[in-house]
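After this come two complexes, each holding chain A, first together with chain B and then together with chain C.
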Partner chain A sequence: MLDALLVDSVVRSIQTGSLYALMAIGLTLTFNVVRLPNFAHAELITIGAYAALLVSMGISTNVPVILLAAFIAAALAAVLSHRLVFRPLERKGSSIYTLMLASFAVGMIFRYILFLIVDTYSLFDKRIQVPVEIWIRSTPLILTNLFFWAVPTSIVLVLLLTLLLRGTGLGREMRALAGNFDLARVMGIRVERVKMLTWFLAGGLAGVAGALWALQTSVNPTMGWLVILSVVAATFLGGMTSFVGTIVAAYIVSFSENTLMQLLNYFLGVDFGFKPAIPFIIILAVLLFRPDGIAALFQSIRKR
Partner chain B sequence: MATDRTLTIRNLHAGYGKLTILHDVSLDIAAHRFTAVLGPNGSGKSTLLKSIFGMATVTSGSIRIDDREMVGVPTEAVGAYGIAYVPQRSNVFADMTVRENLLLAVRTLDRHARARLLDEVSALFPLLNQRHYQRAGHLSGGERQMVAIAIGWLAQPKVLLLDEPTAGLSPLYASEVFATLHRLRERMTLLVVEQNARSVLKWCDDVVILREGALAYCGAPDASILYEYLGIQIDPRRAPVVQSQPVALAREAGGGADLKTVTHEIERIADKLATSERRSA
Partner chain C sequence: MNAILTLENVSADLGGMLVINDVSMSIPVGQIVGLIGPNGSGKSTLLNLIGGTLRPLRGSIAFDGREISRLKPDAIFRLGIGRAFQDPALFVNMSVLDNTILPIQGQRGETPWNAPRRHLWVHEEQGNALSAQDALAQVNLDGHTRKLASDLSGGQMKLLEIARSTMGAPRLLLLDEPTAGVAPRLARQIFEQINEMRHTLGLTFLIVEHRLDILFDFADTVYVMHQGGILMHGTPDAVAADRQVREVYIGY
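Moving on to the complex of A and B:
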């Protein structure tokens, strides 16, 4: 009995962890390059999910097409929020707290615009028209096509982003902006262009993650908001500045929410209603005991 | 002396926000010379460089390079006018390797120009050849300073501005830095803010002396002038020597020899104090 439950929870942990990684890495990117803890990231995820839903209803049920549409829709929404709200605020010299509050507001505006549209066209709790197929069944392991879309897509996208950051001129410029903003300006790096591309990438990744998330559940305007705490927990735990840390942390959060929860339920009888508290506990624990997150842990291990 | 002017500053008033630090500074910097900017802490040396680079508030006056006006040009566009700036602190990308730092500096060039310049960098900065794949943040102070100067040099500017390139370095590294700058002078004009007046005098062609935000002297490092403003006595036939080291150091640093290691922030506070003293005087 526990075998089957455990295997199932591990599968879910890996699948959800991959999506958390995709969402969290965009958040880390915006935080470092644009210097904004962007809570509207939640709505970029939702926008990706709805773009995926609409494409699957009207245009195509081909998964790559759906993911591409989700990428573009969320990337454009991200660029729009930068141009209309965050860039004007930055030019006024707003503090990081003002920007963070503004990001809550932007998120709310996006969410309620979605509510209006969804209400008008009755799009609540719709499912994407991609059929679920079981690809691997060998008791107790069951893997569906959704697993094989979510996990490899996330891993490939995270690898591509890493290659971009490490091996290309644009990636170096993004890291330069993240590492030493003043020197980047002195060296004539076109700060505005790099920021726009960062928004585009971070938004697009959130959109793809939203679409993959939507493949396994029903779509509604609060789905991004409900998942953002886990994603924020992952970026905190990852140390805010490290991409490797963020990815590792995304899986840790996901394993805590799924496998650990399953074990707690099985052995201690903890109710599954406790699950949404897990990201809060992780955030509090990081703030209390390891404010620098996993990245600092890596560094202290390397120094030894 | 000024055969070919590169940088012309006229009646410059500049500071930070409402605080004015430089008062009516006019200067001509000659091309292909190594000019040292000297003066006690708080005299506005760094502010002079920052106003050229669009990082200070210029209230009035003009800064021209080859007769093109620089005032009002945003920092990220100044490089296009043929000027590069090496800040005193945080002047490399610490999380990136030395090679990545250098690649960022040549990012706009085509492949051939890039390869040629990177080859020249290894010849000019031999210290860096063993360090290409190390993180810039893990280098020693002198090596990091070489990376910062190399980044500035790679922009191939007409004028290279350096803010205290030897701050915090051992004497050995400091003279290595000066020797390198001396070599670079054949290809570009150098304007170097220096706290360590005695050591830069062995290498520079001209000096600019600032005092309380105003120009005190501009020209050849004349012995009587240096003694008057900086308390340094030099023998024209030999390398400059200090008559009484503690006294000269104290005068030079405005009261404390350790001050050359202070950060820009502290210098700015000193700048503020100097200005408010001026006002109350």
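Moving on to the complex of A and C:
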């Protein structure tokens, strides 16, 4: 009995953790390069999910096509929010707190626009039209095609992003902006262009994550909002600056929410209703005990 | 003589206080021009005005006959004005080589459609790495290219900044105290390298410096600032002999 529950929860942990990683990477990217804790990231995820849903209903049920559409839709929404809201605010010299509050507002605007559309065309709690197939079944392990889309796609995208950052001129410029914005500007880097591309990439990744998420659950306008806390917990735990830290943290958060929760329930009888509290507890624990997150832990190990 | 940079009646304020007051100067092509003055006399502020990180209240700044006082810092850099700062401003989490390559303009791998296609820019990147290597060799840092910038010593950081400032194909370099916090022997070496770069790369320098003995050995012209204005300018000998300058600089 426990075997089956455990295997099932580990599968879910890996699957959700990969998606968290993809979402958290975009958030870390905007935080570092554009210097904005962007809570509207939640709605970029939702927009990706709805783009995926619409494409699957009307155009194609081919998963790569769905993911591409989700990437583009969310990337455009991200660029739009940058151009219409965040860039004008930055030009006025707004503080990071103002920008963060504005990001809540932007998220809310996106969410209610979605509500409006969803209401008009009755798109509540629809499921994506990609049929679920079981690819591997060796009891108690059951892996569906959705697992094989979510996990490798996330890993490949995170790897590609790392390659872009570490191995190309564009990545070097992005790292420079993250390291020291004013200096990057004095060194002749076209900071506006780099920022815009960062928004495009971060938004696109959030969109793909939303689409992959939508493959395994029903789609509704609050789905991004409901996971954003776990994603923020992962970026905090990851230390806000390092990709590797963020990825490890994403899996830790996901394992705590699924496998750890399962164990707590089995052995101590903790109700599953406590699951949403887990990211809160992680955020609090990080702030109290390891404000620099996992990244600092890595550094102290490397220095030794 | 041909002036590469001219300032005419430039004034600027910081938080409502007039910190640069009616400054005019003219920097001839190929010279090493020193900028000296007591602390708080406005030297670094003047460099910020030229580099575009601060906007003048009044007056004009012309580079190569082109008005630049309304341009953004990145645009000014691309016109050919490079900078190095008093406290070494480096990208500390990047390698020495990456720090040096960064200012090179028009890299093909920096556009999003080219970045994923390695074959388009890999040769250019290798060429850039070689010229970065050359620039680093000029300041004896070619043995440290793979290190993180944060792992260099204070003097090496200064040298890296100078090497980097030559990379964006600049014609004028603004250096803010290139020898601050550097051992005396290395300080002279830095100026020798600056002097050599002037000849090999055809550069013009505007240098803020507190070590007057070294500066006076290398500068062609020296401007003296006092309370936001220009007190006088002339050859190092003329400046050193000036009674007013001595009064401003008690102890020299």
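Some observations on this one:
Assume the second predicted complex is superposed on the first by the 304 of 304 C-alpha atoms of A that agree within 3 Å, B and C clash if a C-alpha of one lies under 4 Å from a C-alpha of the other, contacts with A are read in each partner's own complex, and residues count from 1 in each chain.
The rule is simple: contacts are C-beta pairs under 8 Å (C-beta built on N, C-alpha and C of every residue); 3 or more make two chains touch, one makes a residue touch a chain.
Remember, it's a predicted structure, so these values are computed and weren't measured experimentally.
Applying the stated clash criterion after superposition on chain A shows that chain B and chain C collide.
Of the two partner chains, neither chain B nor chain C is touched by A:Val7. Looking at the shared chain after the overlay, A:Met187 reaches both chain B and chain C. Once chain A of one complex is fitted onto chain A of the other, the partner contacts of A:Arg172 extend to both chain B and chain C. In the superposition on chain A, A:Leu260 makes contact with neither chain B nor chain C. Of the two partners, chain B and chain C, it is C that touches more residues of chain A. On chain A, the surface patch touched by chain B in one complex and by chain C in the other comprises residues 169, 172-173, 175-176, 179-180, 182-183, 185-191. Those residues of chain A that touch chain B in the shared complex are 169, 172-173, 175-176, 179-180, 182-183, 185-191. Chain C contributes residues 51, 53, 72-74, 77-78, 83, 89-94, 98, 101-103, 105, 107-112, 115-116, 118, 121, 125, 164, 168 to its touches with chain A in the complex.
Interface of chain B with chain A (complex): residues 53, 55, 75-80, 85, 87, 90-96, 100, 103-105, 107, 151, 155.
Chain contact summary for the complex, chain A toward chain C: residues 164, 167-173, 175-176, 179-180, 182-191, 197, 200.
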